[in-house]
Amino acid sequence: MKLSARNVLKGKVKSIVTGMVNSEIVIELPGGVEMTSIITKTSAENLKLKEGSEVYAIVKASNVIIGTD
Amino acid sequence: MKLSARNVLKGKVKSIVTGMVNSEIVIELPGGVEMTSIITKTSAENLKLKEGSEVYAIVKASNVIIGTD
Amino acid sequence: MKLSARNVLKGKVKSIVTGMVNSEIVIELPGGVEMTSIITKTSAENLKLKEGSEVYAIVKASNVIIGTD
Amino acid sequence: MKLSARNVLKGKVKSIVTGMVNSEIVIELPGGVEMTSIITKTSAENLKLKEGSEVYAIVKASNVIIGTD
Amino acid sequence: MKLSARNVLKGKVKSIVTGMVNSEIVIELPGGVEMTSIITKTSAENLKLKEGSEVYAIVKASNVIIGTD
Amino acid sequence: MKLSARNVLKGKVKSIVTGMVNSEIVIELPGGVEMTSIITKTSAENLKLKEGSEVYAIVKASNVIIGTD
């Protein structure tokens, strides 16, 4: 599937914390930068996510805030 | 300011497209990956963004979707 | 690609309004219900969207508000 | 109340999973399509949601991603 | 309609900027604090928003980032 | 850090509910209005949030829905 979302970053699952409704997925991007995602526990199971899984972190452009020093 | 947002990625502004209400900001991360952000035109002006500006792309973890092949 | 997003609704593009930065895409779902999406103009072009295009409207569960009468 | 949100889809609650902070609400739309929403546990209680409750799934247009095959 | 959204702040429209797709609405809350909202131009027209209109600024709790000094 | 987010409201933490993945933070603004935020449990710990902490509730303008009576 092609997506309108402008940000699709490839990485590997580094760790997973599972709650009753949501799961926290930490993804390591090439170069060592980490991204964290909250998805439903059901989605984490449906995607069979585990440490080392190759994944994409997908972010809609309207959800990116910009900061400056 | 410290933020609860888990994803704060450092980069440089590569290009800006300015509309009547919103502006599209393309940010180049180290390694050449690009992120795109839509912010208000007023915010782009307030932050004095221009090509080459050093910025952070900030994303709340609940806004990160995960995809797998 | 498989997505963590829980809501993936199939439909057809009914109309497109193009701005300088964003485009408004109205999608007709089976049964006649409409959904509206705002994506970047660049994404609408990349996906080659036009009236009648078959598309999916994708929504992360954390972005669905519930209302009651 | 009238809302600026462009997407207001009527349905019935099919199932609820309750966590410590959030609840997952699965809504069945006419025709059998399902939508999933994550709201706070407190909101689910305030709205007195239970299986069979008539509800609206409300989504802001800027939160709808578009995908194509 | 009752909403799951936890944040519903009453105010008055202070100014409107209209683009081709989106409109920027600045709302003044009691005490003088301002909130800014981006909605579709069509929604602004449907709600007949104009300076002085009494409105609610509605925010889902999962969209509130926290910062500290 | 300066942020593109247009809505930055100062307040004090009134209460915290901690789940396994997320925490719910209720913030009291001057004048007694409350705002609720869902952030990750890890962020709440990193920011050392507790009752009485001075915080900012930060909301991107594209995440503000408008309602009218």
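The chains carry the letters A, B, C, D, E and F, assigned in the order they are written, with residues numbered from 1 in each.
Note that contacts are C-beta pairs under 8 Å (C-beta built on N, C-alpha and C of every residue); 3 or more make two chains touch, one makes a residue touch a chain.
Everything numeric in this text was worked out from a predicted model, so none of it was measured.
Pairs B-C and A-B differ in how many C-beta pairs touch across them, and the larger number is found at A-B. Equivalent interface to C-D within the set A-F, C-E or A-B: A-B (over half of contact pairs identical by residue number). Centroids of chain E and chain F (each the mean of its C-alpha atoms) stand 17 Å apart. Computed from the mean C-alpha positions, the centre of chain A lies at a distance of 22 Å from the centre of chain D. Each chain gets one centre point, the mean of its Cα atoms, and the points for chain D and chain E are 21 Å apart. Residue positions 1-6, 19-22, 24, 36-40, 42-43, 47, 56, 58, 60-63, 65-69 of chain C are each in touch with at least two other chains.
Of all the residues in chain F, the ones that touch chain B in their complex are 1-6, 37-40, 42-44, 46-47, 56, 58, 61-62.
For chain E in complex with chain C, the touching residues are 1-5, 19-22, 40, 42, 60, 62. Contacts from chain C toward chain E in the complex involve residues 17-24, 36, 38, 62-63, 65-69. Across the complex, chain C is touched by residues 5-9, 24-25, 27, 29-31, 33, 35-39, 43, 47-49, 53-69 of chain D.
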